[in-house]
Each structure stands twice: as structure tokens, then as C-alpha cells.
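Common to both upcoming complexes is chain A, partnered first by chain B, then by chain C.
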Partner chain A sequence: MANGLRAVIDVDGLDEVITRLRVQGFSTIGPTCRDGAIVYDEIEATGELPRGWADDQDAGTYRLVRRDDEALFGYAVGPHSWKQYLHPPGELLFEVRRDGGGFVIEERPEPKSRYAFIGVRACELAAIGVQDRVLVESEHPAGGYSVRRGEAFLLAVDCGEPGGSCFCVSMGTGPGVSSGFDLALTELMSGEHRFLVRVGSDAGAAVLGEVASREATGEDLAEARRVVEMAGARMGRHLDTDGLPVLLAENLEHPRWDDVARRCLTCTNCTLVCPTCFCSTVEDLTTLDGQRAQRWQRWDSCFTLGFSELHGSPVRHSTRGRYRQWLTHKLGTWWEQFGESGCVGCGRCITWCPVGIDMTAEVAALRRPGVDASANPEEVR
Partner chain B sequence: MTAGKATHGEPPAGSRPKLAVWKFSSCDGCQLSLLDCEDELLEVAEAIEIAYFLEATRAVVEGPYDLSLVEGSITTPDELERIHQVREASHRVVTIGACATAGGIQALRNFTDVEEYMSVVYAHPSFISTLDTATPVSDHVEVDFELRGCPINKIQLLEVISAHLNERRPEVPGHSVCTECKLRLNVCVMVASGTPCLGPVTHAGCGALCPTFSRGCYGCFGPMETPNTESLEASMEALGLGDPDIVRMFRTYNAWAPAFRDHSRLVELRMSEPAASPTGREDPA
Partner chain C sequence: MVPTRYRVATKRQELTDTWTLGLEPVDEPLEPWSPGQFNMLWAFGVGEVAISISGSEDDTLLHTVRRVGAGTEAVCALAEGEMLGLRGPFGSRWRTVEARGKDVVILAGGIGLAPLRPAIRQLLLDRGSYGRISILVGARHPEDLLFVEEMSRWAESPGVDVEITVDTASSGWSGHVGVVTSLMDRVEIDGSSVHGFACGPEVMMRFAAKALTDRGVAPTAIDVSLERNMKCAIAQCGHCQLGPTFVCRDGPVLDYATAQPLMMVRER
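Coming up: the complex of A and B.
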């Protein structure tokens, strides 16, 4: 086992890594520019990566901007996350056909591709871990997710260019990658454009072994450390996590919830871009003749009315109740349920909120005593 | 119009349930969606008897009808009478499209003076028999289900028919267009391009058609289940839209849908009172 091995490859070497993965039968998925953003899609070579692009992010706004170098990973995370591959927006669970008075369940189609993810950030590795706890390490593992996750190859990359909405340092998830990868890169731009590569698994070692590399020097290692340190010092945002679950639990009637409810659109964007939000619903579809039916799993969100519908009526009618449910679960009760925070500090919910609601600002406001904490007692839902 | 009162309960064994398609004030686009179901049309006809559908055939099977699809808004005294006859003859009434569910584009008349319009548009206004308003069907008779859209989505129409035939609730969620956009993995046009978009306050159903082609949502499916038009407007203003633009955005095919109607009126009121606070609401920050 060569875990912890460090080597250096150049851009051609990274191309060779992608080629080797494809030869092994992986669909290689990585960042690429589309529709004014850096999204995740199938890529075949480094030429499809967002070379020389950065992203300018803040609450409710995202713009691509040119860098003054040719970096391949010189940006933060975009609207997509690896969730869309491991826990896809829609998935056929099973199909049934009528058989006399009963019905027969038909075989579920095999989960598709083996994925190799190129350019997984530290916060995203943490997010995949969070979803693993929910969807794999539970009493009822999700079949499709478990298979795809088990087969996935993770090529991680240290973050050198955090975005304006990032706060991974606050959440202890980044910007450097520490574990849970097959291979991890640090992109080094001073002098020769190159990557320090760390090996995290046998599969990673096998791929690296097939690619031209050289041994890492002390200078390479020192520069890699600098890249990560500098990124850590340039976080766009900060979240004070001290005693957060207790703070939230003790402030369920804080007037700030009414304030955020006036701004919240209940549009679901925050939850659907969140790399840890895992909630889904099932939709049953029938053919017109009633002979066949399909059950689909589809992403859902705690911001829809249907999400909390129980025996005919939703239990969380108010926007206040829905926003509070989301934030208190994400940052508070997730600890009780899964033993960790549900937030990894990637900042997507802040950037992709059309009205720029910023959870770090909401928490900061909740830390200030409410003017009238007992206002609207009837609006507790 | 064929008579006959609907009796509740199952149709006789062996016979197909009867479908009727009715037209009121509308462009015909929504009922055309049924004919657009080219691949599925035969399947529909096998599962349900197309008993009254003048756009497709002059042959008329007498009522009562198990499922009536109603297109169009109520704009004339004659329609006001006829919609009650349709209700009477139908076991289940489903309104299809923005006209039937919200009054349609013709409900723009509701914000103004119809007499004045008639005098400008028609050479002999005395021949015109019309109501002062264009209103949704649900203002006049009980409606069992409302299918949104201008026009409706044919896949959703098939879903409504299929759900009716299989005695289940149609899978037609009331959340925002944003949810559909994210399910399609689109990049948000508002956040990434600064394009004004009604998606966050608009009812899903189109599959986020416009944002998929990098355009803002026009609100064709009307207000979503819990629309926060005031908050969205604040973002629109930040993108450079003025009050008249905001009024126009909310006054299209679903201008008379309560959430859109009330908001456009609010903005209009603000425009007529220049002394009031510039936004009419508190600054969220």
C-alpha cells in the first residue's frame, strides 16, 4: 500500500490520469464551463477543464471572471455537486405490472456508470461523507447510492482559490484535502505548472503508477502547504459554530425567523444546490390502462408544502417554519441524528439563493438577543 | 351542448368512461394539447371515450360525462350560463390552462374599463355582449382540479387523465419552477447572468422551459403554492427593473391570479403615490 506517497505530475500527466481512468471503464466527470458557470459534466481531457477561469461569488450572485494565469482549478465550487451523480435528481426505483388480481414487481434497472470524479474539493469530500452517513451507514441503505458510491473513484484537489461565499475553515472541512480520496492534487503555479499528487488508496496508487511522474521535492511540498494556507486565510465568510446546536434550540422564537421569512422565496434552490441535503419524495406513475406503474424517487425539499404533508395537510405552513426547520436541522439537530454538522461550509446556499439569504448572517443575527422573543407565539409552525 | 345530469359513482362495467372537452374564452391552445399527444392519443381513446370534443370531431355523444376538461375563462353572459350546464353534466370538472384557472390574458380587461376598450376596438360596440371581467371557472362553479399553464403541458394533461382513470391524485406538484430548473441541473439565470426571472414565484409544470434556454421565466403557470412576490421584486429592482417593468412582468397570462394580481396592484398603487416610501417595505438588511 502506497498511501501517503507524494509525487509530482504536469498537465500532460493529469491528462494521462484521466485517460487511464477512462480505460478502466470510468465515466470521468469534472468541472467545465457552461451557461456562465463552472458545472460538472463528463470530460475526456484537461482541455475541457475551466483553464484560466475563476468565479466571483457573493450572496445571490455568481460571475465567471478571467484569471491572470492558466490554472485548471483556480475557482471555488459552482451550482453543481457530485450529489447529482451519486444521489441523482430522479431515479426509477421499481416498476410493477398488473397480474390477475395482484401485481408483479419487475427487476430494477442496474445503476448505471462507474464514476471517476475529477477535482473534488475538501468541502465536497466532507459532503460525500455526510451523505454516506445518511444513505449508506444507516439501517436502510439506499441501494443505488451505495453501489455508485462504492464504485466511485475520487480525484480530489486542494482549494487554492476560495469563493466569496466559502466558509469551510469555520466548518473544519477545508480548504486542504485530508482523507477519503483515491488521489489528491495540489495545483502549483509558481514556475512550472504542475501538481503535487498524494495517494489515498490502492486504486489511486495503481493509476498513478501508470503515469509519468517524478518524486516531490521539499520545494514542491512547501509550495503546496503555502497554497492551502493562503486559501484558508482568504475565506469569503465565517460562521461562529461555538455551541451552535444549543443556540438554535434556545432561539426557536427569535424574531429573526420572521425577518428571514419575509425574504425567503421557498423556491428550494438552497436545498437543491446543497451537497448534503438528501431529501427525496416518491412519485407513482401509472399507464392510462392501469396495467403498469412506476415508482420514481425525486429530489424534494423541506421548503415545499408537499414535503411536510401528513394525512392530507402540510404541518409546516409558514415560510418561517420551513426556513427554521432547514437551518436548525442543517446546523443543529443533524448532530443528534447523525453525529456531525449537516453543513460543510461550501457556500452554495448563499450564492444560489435568488434573494441572497446568507446562513452565516442569519446565525450571527440569532446570536444577538431578539427584541421580542415571544412575538407571534401562534406562528410556531 | 348536450344535456344529462352526472350521476356519481362508477360507470357501468365494460364501458369506457366518457371524456368531454369544453371551450370558453380562449385560444384553443390547451385543448390542442390533447391532440398534440400524438403517440399517446390512441391509448387515450382506448382508455376513455372521447364523447364531446368539437375541435377533434363533430360527432357528439350525449352526457353525462365522467371527466370534463374545461378550457377558457368566463367573459360573456352566455358563458356564465353554459359553465353551469357543463358542471351539471360532469362528474368531475378539470380546468385546463391559464384562462380557465386564472382568467387568462383577457383578464387584463379587469384592470380597466371594458366600455372604453369596446369603443376603441369595435366599429359597432352595440353588437358586443360581454361581461366587465374575464374570470376563472372556479369563480362560478365547483372545480375538482386545476391544471395550470399557458399552454398546459401535455404530459401533465396525460397524468391528470391517467390519475382520473386510476382513481388516484394527479402528480402535479405546486412548488416553484426553480425546483424543476435544479432537477434539470440548469444554471440559475438570475444568479449567474442577472436575468430577471419569475421562476421563484411561479408554479412548476413547464419543466423550466425558458431558463433551460437561458431566458427568465415569464410566469406562464401562474403563482406557485407559496409565492413571495415582494421579496423577489426586491431582487428584480436590484437588477435594474423599475416599477412599470414589475407591473408588466406580473400582468401577462396569469394577471388575475390572486398573488400576481395583488402584487401588480400594490406596485401600481405605489407608483401613483410618489410621496410614499420608495419601496413600500422595510429594507431586509
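Coming up: the complex of A and C.
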């Protein structure tokens, strides 16, 4: 089968796709409802997908709501992202044991799983690409990430139900999936519940070839186009990206940073839910007898005080400095570092901020000229 | 992220809180290094610290380490014969090659002399390629001066001035007192044909660079060496970011035209 081929499968067909992937030895990871949210976990069948659920999202707000249909992918993205599998919160780097006066460095355990991700959205495919630029397309590719990424099977799905915090259209990443997948679905609900399937790789073609499908009709293709167009027209938010890196670089002392700093709790939620935030730290663990040591890589966040510590005190001691670092990196300096934006417009940082800080609103505020303190000296504190 | 095993071959106490460790490979040695670059030194079960290479002798890599935190304390506590892990070399080098044909002014503050030492050694080995070489060294107190014997040997080379100052004198000190930039008065330079190198606390480097630019040296002809928190040294952990710069990869040595705007914003 050639890449780009389009076929149609039903829900049983999607079950069969998942089964085929499991037979091939993949851990199949997909969205599922847990604790009032749609999270990612190992699933074995479509019955574990959030059938008939949608999510109501806004700044600082997330609620699951019932749909009036049985859609399997009728929601936006939840608090999890695929980075927790590809770039996990904790990863053993190496283990060492004492040996006489010295030590022996032991082989790092093989990265565990071959993952098949079920239901990867366009913004998330973009996010995986962003992390690839940092962790794989580097002079020193990250070993564990590179292996897991190279082996991952990506079953993508076009977004038909963007959330209130979504702005992928502004970032040019969605809502339709265009490349970087093995198989891509568009869920079609009019008439028979079915999926238009596009093939993006030989691995994807091989899986689809083992599943009962029919050729896509003009009607299937037209409905799929409509699903994506309508999603694109219903973005919850908009980010004006015009000249953004320059705007940020020229406004490092804008009074808005003080304003947002009064609201930001530096809780790190935004960096944890962000699918592109890659920062990590390292931690050494030793056994009580001091004979063995392990070195772990763990997620870190630029919102912590310790992140920038130098000679016992942080470089970015204020909330202002830390929020500014996060936003100017994500939307500005990322371009100089990696030739693209560090934001894919998934909206997670907006939804999961406990005080509802909205980066699209912060950027809009930064576009308004700051009060020139020198013009009105009485207002200077 | 997995280190290579090295062994402490030599250990020399430089100051009350500073040692120079000579490290020799137990396994395959690391790749060749250049002055200005650094290694990550891992002490068993404690952690890793970024330390500039302060020289080499045969196969032995020298690192001059000041005891300031848990990581450097563990490294400084290693005895001759003990093992540690090394990754590197990382980062950019001093532009000694690009400075050929020019006069050179070097400003070092405190432990900042350690990363500059291999550059100075390189300049002196290639003495004919440079004009006058002025080495201006500052420390807090006389007893904080590094490499005193070696500095007096440098001063014996033709056309090399070594000027030393301390912030606070103690009894027996008959030398200059004042910040390192105050030594600039003793240097006659034609700014248009000078390459400057500065290493020390960030505020000292800003003033050093200003002293040089005030004398007509172009910011692009001044090298400074920046320091930030580093965990991975391969531009993947995010800690050392300074604006668009990953200090571990793009630095630590940056030309001042690049570094100045980054250094001028508080909490950048």
C-alpha cells in the first residue's frame, strides 16, 4: 500500500488496528477517562476510549461533559501529553557500584516499551517534532528518547472538537493532521460511525492491510474535510504571532511582567502539562551502605527557584523573572535556538493554570505599549 | 550523559578552599580540548559540577576547583588515586587564534584566572604571533591569588606585563590595591589592535569589558566567559539558558557584542 492511501474502517476496524499493534509487541497508549479527566494510559480496546465524552475547557477550568453521540475522539487534549512516555518524568541514566578504590559504571537498562500512541492530535504531532529538534536533532542525541521515539507508532486523529483554550490555528499546527504519522484518522459521525484512515508510513500501511476496510468515497472525503474546517473555525482562542520574537525581545521590562507576576503562583503546572517543555535536572541516589549509586534525570521547571541557582542563590529570584523566562523562551528565543516556536497552541498551560493565566492574553497585553514611567514621575513607586 | 572514569593523579592545594586536580583516564580518554572549554566532574553519589579545564600535563587534565557547594566539596575531597566521572569537553573556546597579530589584554578576577590559564599558556607558547601581552589579575586578598609562581614566570617572558591587584590588602602586601580594572591605567594600548579576554564574576567582566571598550577595543574583539547553572552540558536540560544562548553549548566563552545585551538585563 502506498502512503497517502485513504480507506474507511468502522469501530470494530479500529479495535482490530489496536489488536494488530499489540500483536506486534507495542504497548498501546491512548486517551481514557480517569479521575474526571481524559488522560493517557495503556488501553487494549476502543471500549476504554472516552466514548461519548467531551471536555469543557477555559482558563483555569476543565470539566468532562456528555456528548449527544458516541464519538470516541470528541474532545480536545487533557492534562497528559505524549512526552510522559517519550521523555518521561524520571529516567535512569546510569548505575554505578563501588569496586575497590574506584567504581564500575554499569550498562543502562534498555528503554522498556515500544509505544503505539492512539489518538495523537495535530498539535501533539507538532509538539513531538519540537522535542525531536531538542533531544534528537542535537550534537548529542538523548539516548533513551531517541530509541523510544524511533520505535513509536503514531496513530493520529484529526481534531473535530477543539477546546476553549485551543489556538492551534494561530500556531499553524492544526486542527488537521498533515504529516509525521503512521496512520491518521478522521472520525465521521454522520450516518454510520466510521473513520477515514490515511496512511503515512509503510508501518501504517502494513497494519491497515490486516484490517477490514473499504475504499473511501467522495462523500467520506468531503465529510472529513468538513470536520476539520469546522474545527478550525471554532478555536477557543487566538494568538497574534506577528513579529512575536522581536516584540518579546524588545519588551523585557514591560510593566505587564509585574502584573502577571502578581497572579502567577510559580506552581510549575504550565511546564508540566506543556507537551514541548523539555527541561530536566539530575539527581543522584545512593544505597545506605554507599556501595551503589544511581543517576536519574527528572523533569524540572524554570518556575522553581533552584532552576537558575548559581553559587547558592538563584539568578531568577522573582516570579516576574521566571514567568518572563518561560514566555519569552516558549514564544521568542525558541526561534533562535531551534528555528520554530516552542508553542504548538494546545492550550494546556491556559486550562491547567490554577489562576487562569492565559498566554494569549499576556501577549496581547504586551502588544499594548507599557506605561512610560518617565512620562509621569508621580506614578513611579 | 554517562561519564568516563578518570582517576586523581595529582592534587595540589592552591588556596585554603581551592585545589587543582590532575585527572588521568582509567578508560578511553575524552576528546581533545581547547582553552576555555569545561568538563562535567561527577563525584560518586553526590553530583556533577561544571569545571573549566585549567591546563594539562601530558595525559593529565587539570581542573582548578573552589569548594563552594556539595558537588565541589565532594570533588575537592577526592584524594590522589580516587576515581571520578568525567564528561566533556564542552562549550566554546577562547579566540586565541583569532587574536594573532594583535596586542592582548587579559583581565582575570579570582578563580577566573583558572579558565584563562590554558589560554595564557597557549599565547606564550606561540609568543611570536602576538604583540604586547598584558595580564591583569585581581583577587580579594593577597592570600586569594592563584598560580603566583607561574605568574612570575609569565612576567619573565619578553613583552609580557603581569599586573596584580587585591581588593583588600593585608600586612606584608606592598602591591597594588583596587579593583582589577584600575590596572588598566598601567597598560598602554591602541584599542584598534587589541583582543581582550576577561573572566571573573559577572559584574567584574562588565566593568572589564567597559574599560576595554572605553579604550577603543571593539566589543566583538573581547571574549568573556559566562557561568550559569548546568545539569546536562549538551543543551538539553534548559538550565543554562541566557536569552537565546545555551551557555553550555554556545558559551561559556562569548564575544562581548553577543554577551553584553544578555548581561545587561536583570534576571535574564
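Basically, the second predicted complex is superposed on the first by the 370 of 381 C-alpha atoms of A that agree within 3 Å, B and C clash if a C-alpha of one lies under 4 Å from a C-alpha of the other, contacts with A are read in each partner's own complex, and residues count from 1 in each chain.
The rule is short, and it goes like this: contacts are C-beta pairs under 8 Å (C-beta built on N, C-alpha and C of every residue); 3 or more make two chains touch, one makes a residue touch a chain.
Bear in mind that the values here come from a model prediction, so they are computed numbers and not experimental data.
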item	value
Which superposed partner A:255 touches (first chain B, second chain C, both, neither)	neither
First (chain B), second (chain C), both or neither touched by A:352	first
Which of chain B and chain C A:266 touches, first, second, both or neither	first
Touched partner set for A:286, first chain B, second chain C, both or neither	both
Which superposed partner A:232 touches (first chain B, second chain C, both, neither)	neither
Contacts of A:60 with chain B and chain C, given as first, second, both or neither	first
Footprint overlap on chain A, comparing chain B with chain C	284-286, 290
Sites on chain A touched by chain B in the complex	34-37, 39, 60-63, 78-80, 84, 89-90, 259, 262-269, 272-273, 283-290, 298-299, 301, 303-306, 319, 351-356
Residue numbers on chain A that touch chain C, as the complex places them	93-94, 96, 98, 101-103, 105, 108, 134-135, 138-140, 142-143, 252-253, 278-282, 284-286, 290, 293, 295, 297, 300, 302, 307-312, 315-318, 320-321, 324-325, 329, 333, 336-337
Contact footprint of chain A on chain B as seen in their complex	40, 43-44, 46-48, 158-159, 161-163, 165-166, 168, 171, 173-176, 178-179, 182-188, 190-194, 197, 199-201, 214, 225-226, 228, 230-232, 234-235, 282, 284
For the chain C and chain A complex, residues of the former touching the latter	1-3, 5, 7, 26, 42, 44-48, 68-69, 81-83, 85, 227-229, 231-232, 234-239, 241, 243-244, 246, 249, 265-268
